[in-house]
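You will see two complexes here that share chain A, one where it goes with chain B and one where it goes with chain C.
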Partner chain A sequence: MVLQARNLTVSLQSKDGRIDVLRDVSFDLAPGKVLGLVGESGAGKSMIGRVVSRNLPKNFSVTHGSLTFAGHDVIHGSDAMLAGLLGDRISFVPQEPLTALNPLMTIAQQFGEHLDRIGIRRAHQHAQMVKALEDVRLLDPKRVLSSYPFQLSGGMCQRVLIAMAFVSQPALVVADEPTTALDVSTQATIVQIMRRLQQDHDTALLFITHDLRLAAHVCDDILVLYAGEVVERGPARAISGDPQHPYTRALQAANPSLDGPLTRLPSLPDNMPGIAGFSALKGCRFGPRCPVADQACVGAVPQLRETSPGHWVRCSPACQHGKPVAAPVIEHRADDLSGEVILQASGLSKYFEPPRNWLGRREGPGLHAVRPMDLCVRAGEFVGIVGESGSGKSTLARLLMGLETPTTGQISLDGRDISVSNPQTKQLRLDTLQMVFQDPQSALNPRRSVEELVTQVMESHIKAVTPEARRIRAQDLLRETGLSPELLHRYPSQLSGGQKQRVNIARALCVTPRLLIADEIVSGLDVSVQAQILNLLLDLKARRQIGLVFISHDLSVVRYLCSSMIVMRHGKVVEQGPTEQVFSNPQHAYTKALFAAAPPADLESLWPPEQTSLS
Partner chain B sequence: MAFLALQLLIKRAFLAVPILLCVSALVFLILRLLPADPIAMSVPPGATQADYDMLRISFGLDRSLPEQYLIWLGKLLHGDFGGSIFFRRPVMELISKALPATLELVSFGFMLGVVIGIAGGLGMFMLRGRWGEQVLDGSTTVMMAIPEFLWAILLILFLGVLVPVFPFIGRLAPDLTLPPAATGFLLVDAALSLRFDLLMSVLAHMALPALALAIGIAPLLMRVLRSSLLETIHEDYVTQARLRGTSETRIVIRHAFPNAALPTLSLIGVQGGFMFGGTVLVEMIFAYPGLGNLMIDAVRNHDLPVIQAVALIYCILVLGINAVVDVIYLAVNPRLRLKGRAA
Partner chain C sequence: MIALSPRAKAAWQRCLASPRVVAGAGLIVMLIVVAILAPWLAPHDPQEQELLSILLPPFWMPDADPAYPLGTDTLGRCILSRLIYGTRIALYVAGLAASGAMLVGTVLAIVAGYFGGKIDWLISRAVDIWMAFPPVVLALILLVGLGAGVNKVILAIVLIDWTRFCRVIRSEVLVTMTLDYIPAARILGFSHSQIMLKEILPAVTPLIITVLSIEMGIAVIVEAIMSFVGMSVESNVAAWGVMIADARTTMHQSPLSVVFPIAAIFLTVLAFNLLGDGLRRALDGRLVQRNG
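Coming up: the complex of A and B.
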């Protein structure tokens, strides 16, 4: 075995006592195999990588169990022994490729430093680097080597990091969310490259991800973690094809599908508690959120049971043949494209002039961020804008919001032209359009309470507003977005990620806008929380006939929410039409490639596709 | 790179022109608005009103303000700073003697300050969480709490009088004679004429004033470097290097320090400017014959042409230091060099 864990327990020593952030984890990882660690943020999936690298956060320590790498005791072995293994026999692929490379050193300098470290003579280094970069399919290795990280794209940086990770032909590679920060098509390529290198060198791969569907395609075996515990463990095929634990089922069901009939996503109540809340969980840690839990689940911690060869589940036997988590309800999409037009844009485009040089002349080509396009949103219509980074989808949102001045084209709201910015059009925009920002963490002022945040707009918008009026409005908004009224006096730091995004949405609803513009608002959320937010948006549509421009890189989410969609690439609209039509019969080669790049739910279909002709 | 640096320097030179014009006009105006009467300060006690008026006319002080300014500016363009009213000598001559002394002192103090600042910052970082950090941290507070002129006096007291290690008056021991080859930069002159006794004496005389100036910039550099090191050490690229088994020393030297040094570098530029201001009092205390001392003499005697000239020279020096720091910044930060040239 390359990596073997037995009853591994990692605990946080806090003033309230010991909290197990990882409890009783056991697994075997054989050479040439891929083990997936799947879970939502805070489930403890990154802890194992941190134990291997002795990089546990402050006050965290291994309190029980063992972890061995090729016979070496990782927990009790000397620092020197471990330092000798790192980078040579064990290597790591990071989550954020762009920040994982030193911006002041060229790729050749950093790669060279690593080759020094693993004892490759200077004379041989260049040839080795070129070969390693060719292995990760970088087309011009010499140019890449002389570049600085900021001159390369995220996907290229990740390939460089993968090349560095595999160059010593390590026995184990730990990849922590290696594709999360990348575009869909890049994700497919990166997975392909890692799989091939890993198979060629018989390397064991520990693949950490929040995406069960991706893990099912990449991994041989999967470990599903919830609140620091393994809730299910087994062959990827078994876990994905026949999930036994209610949490695994919920995780799978919370991910909207790319084909087949659309059903309303079953969403679990609340969210996984933070580490500090783990100690309050008695019995089954998933119990409080489990849709099929009963009295028995509160009593004792259920043990892992083998339900079929190699497939283990931590759930009481009684639950085993119970109902799956919430029966899927058919979601009828009220696709009435007959609502009145709220927003109409025609010939809209944005061209960024090249920066002036020191003589004041403009040098080089500018950027056509958005090429002339038309857009129409009706009341009750959700329009999805899909594209990869650099496609111009965020610039489009900024144009609609009036944060950028269009180069050409017209925008009208409720039939009134708002292309020209003046106090009247600004007021009309504010009354009709609201934006929900991507990152609720940075969009909410940490010094204001939820009540102040959600009614912020009343300060400037509605004159002479009484504190009572604000409170009542805030309460309404919280109710509407499914938040408890207790949260009125909380501050953003006291909220969970899902709650913050709800507050963010509640704030946009304060003026009762007719159209929301949402830029990647669910991409930072865990799938179960994402399902809650998506359902909230659908409820708002049903209740208020609200229109939505939903910008996303995630095809499945767009399919779930939107009745029509626009596919953008390099600022150009390549395809536009009703969502079902685009999905069932994509016309443009780019749209087809985009669909092919997303991991399908069906494990039998070959993914990643052999030929990804994107980028 | 060389092209970009040249480009930057040319740009800076162009920008310097309006700045210098503004500064000169401002200084000129303020000096004329003050109740300063240079003639009254320099006439002998028995002079009559007629003598006084004649002197005023000979220095052009009877003309209108704009006229005076334009005349002064016109001469300046020909490299003529006018004549000192008090010293009765061309201002240019006074400055050409004092400027090398100040430049030498500031360079020495600057290097000393940067070395102490960087070493201290790295030290504080390496000792983080241990008592050594507390000691260094405390010392920065003490350094910052005491102004540099007071440091000058304290240094004289401790290292000049109580434990007489260093001399503290002038630039040179009085019994030594200057070599004929005079650039005015005594270190250079001494080195060129191979006079090591002279070299040592010059260095010893500079030690205390330079240290007083260095203490003015070192503590802030220490603190900024320490805090940016503490930030960079948590950057992803540092973690990633550690995961590759890179040694901790190498991580600090190759990865953390160069990135952490960038904010420190821009601070050095600002502090370098302040240091010239610091020379005024420090030079006076050490009777060091530089620009600062010249300025004090000029102010004391209402010697307007000298004050104007020295103020302008200070301004040029500060602009120069900033330009040099910007060029260094360009050299060490590839993001600035390659901006807009992404592959």
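Coming up: the complex of A and C.
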């Protein structure tokens, strides 16, 4: 075994006593195998990588169990022994490729430092680097070597880091969310490269991710973590094909599918508690959110038991798990497209002038962020805008909101031109159009209470609003977005990610807008919370006939929500039409490639496809 | 008791837990009490001359007069009383000058950071040029132009030191401007002035308080220098700078009469700096995060 964990427990020593942030984790990772650690943020999945690198946060320590790497005791072994292993026999692929590389050094310098450490002679280094970069399919290794990290794309940086991780032919590579910060098409390439290298060198790979579907394709075995506990463990196929634990089922069901009929996503209540809340979870840690929990689940911590060879589940033996109930089918009916037109944009484009140097000369070419495009949104219509980073989709949102001035084209709301800015058009825009920002952490002023946040728009009225009116409106909005009225006096720092995003949406609803613009509003959320927010948007549509421009990189989410969609690339619209039509019969090569790059739910289909080059 | 946001409450608790803040604030409160109660605390009128008992030593030395605990100066005035009354001038200048500089600097900083572009360029270049002058020389030139007097000193400090506020706070405004809640407020129909007052100002307030405290210490020093060279209060008024200037001529006979006002200045500036430093550590979000 390359990596072997036995009853590994990691605890946080706090004022209120000991909290187990990782409890009783056991697994075996054999050479040439891939083990997936799957869980939502805060489930403790990154802790194992940190135990291996002895990089646990302050006050965290291993309190029980063992972790051995090829016979070496990782927990009690000497620092010198571990330092000898790290970087050579054990290497890491980080989540954020751009921050993991030093921006002041060229790739060659950083790579060279790494080769120095693993003892490769200077004379051989260049050839070795070129070969390693060719292995990760970087087309022009010499140019990459002489570049600085910021001159490369995120995907290229990640390939460089993978090349560095594999160059010493390590026995173990720990990859912590290696594709989360990357675009879909880049993700496919990165996964493919890692699989290839790992198989060629018989390397064991510990693959940490929040994406069960991705893990099912990449890994041989999967460990599903919830609140620091392994809830299910087994071969990837078994876990994905026949999940036993209610949590694994919920995780799998929370991901909208890319084909077949669309059913309403079942969503778990609330969200996983933070570390401080772990000690309050008596019995089964998933119990409070479990749809099928009963009295027995509160009493004792259920033990892992084997349901089929190699497939272990931590759930009470009495639990029948209740077969998933058939959820109502969602249809994007044609009458979605028959409402009155709210927003019409024609020939809309944005060109960013290049910066000028101190002599007034232009430095470099400008940027055509959005090339002339048309857009029409009707009442009750959800329009998805799909594209990778740099496709101009966020600039489009800012243009529609009036945060940027269009270079050409005009926007009309309810048939009235709002391209010229004057008090009337401003008021019209304010009353009709609202925006939900991507990151609620940044979009909610931390110094305002929830009540002040959701009714913030009332402060801008010239007419004074009484505090009672504000309070009542705030309560209505919280109810409408499924938040408890107790949250009225809380502050953003006291809310969970899902609650913050609901407050963010509630604030946009305060003026009862007819059209919402949502820029990647679910990309920062865990899947189970994402399902709650998506269902909330569908409910709003049914209740208010609200229109939505939904900007996302995630095809499955767009398919779930939107009746029509636009695919953008480099500021240009490459494909546009009803969602089902685009999905069943994509016309443009780029759209086809995007679809091919998304991991399908069906494990039998070959993924990642051999050729997913989009660049 | 007003309801505090958890953020404000946590900041308040960090302040209370900081020995720097507690020590600095404690000393300043003591100085304020002394300044207010000066007529009752001082054993003598600070101007009252007793020419028969000049240059008396402090109480622990031989030949001391218990009526003058810290002795007398060349004109037989009570040093303790003059120190106590000097606190009034020091705190008056510290409070008004620092607040004035804060007002000018903060307004310009928020305007520059919020509007950006040409306005930002103009204000930032003005700050650059302003800061290129040596401050003491600039102060002397200003005072020669404005004429002597304690209010003129305050005006001079405001005119010179607004740049300190402007530069520091502008960068904090720029950080705040990158957060999505600023465009969000615009979309919700907030006017420019509403965004500046309701969204940006609260975000930079902790920093303003910190810089204000440090600026008060600086104002105390500048006032002492100006009254030392006779540009501030009239020469018969009890101010610490005046006391140093007076005692300078007889430094060899009674060195302690120079030490007392210097110690008073030292203690006051130390208090403001301790408070400022402690507040910076307690209120700066980045430092707080780093220390867990």
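Following the convention adopted for this analysis, the second predicted complex is superposed on the first by the 596 of 615 C-alpha atoms of A that agree within 3 Å, B and C clash if a C-alpha of one lies under 4 Å from a C-alpha of the other, contacts with A are read in each partner's own complex, and residues count from 1 in each chain.
As a convention for this text, a contact is a pair of C-beta atoms (placed from the backbone, for glycine too) under 8 Å apart; a residue touches a chain by one contact, two chains touch by 3 or more.
If you're wondering where the values come from, they're calculated on a predicted model, not measured in any experiment.
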>> Looking at A:V457 after the superposition, I want to know if it touches chain B, chain C, both of them or none. Which is it: first, second, both, neither?
In response: second
>> After the superposition on A, what does A:N102 contact: first (chain B), second (chain C), both or neither?
In response: first
> Touching A:D73 in the superposition: chain B (first), chain C (second), both, neither?
Replying inline: neither
>> Looking at A:S493, would you say it contacts chain B, chain C, both, or neither? Reply first, second, both or neither.
In response: second
> Taking the contacts chain A makes with chain B in one complex and with chain C in the other, which residues are shared?
Replying inline: none
> Residues of chain A touching chain B in their complex?
Replying inline: 53, 55, 83-88, 91-92, 94, 96, 99-106, 113-114, 117, 143, 147-148, 150-152, 161, 164, 354-355, 358, 363-364
> Which chain C residues qualify as touching chain A in the complex?
Replying inline: 3, 5-8, 179-181, 183-191, 194, 198-199, 202-203, 292
> Can you list the residues on chain A that touch chain C in the complex?
Replying inline: 58, 398, 401-403, 426-427, 430, 434-435, 437-439, 442-447, 449, 456-457, 459-461, 489, 491, 493-494, 507, 511
> Considering the complex alone, what residue numbers of chain B touch chain A?
Replying inline: 7, 11, 235-237, 239-247, 250, 254-255, 258-259, 332-335, 338, 340-343
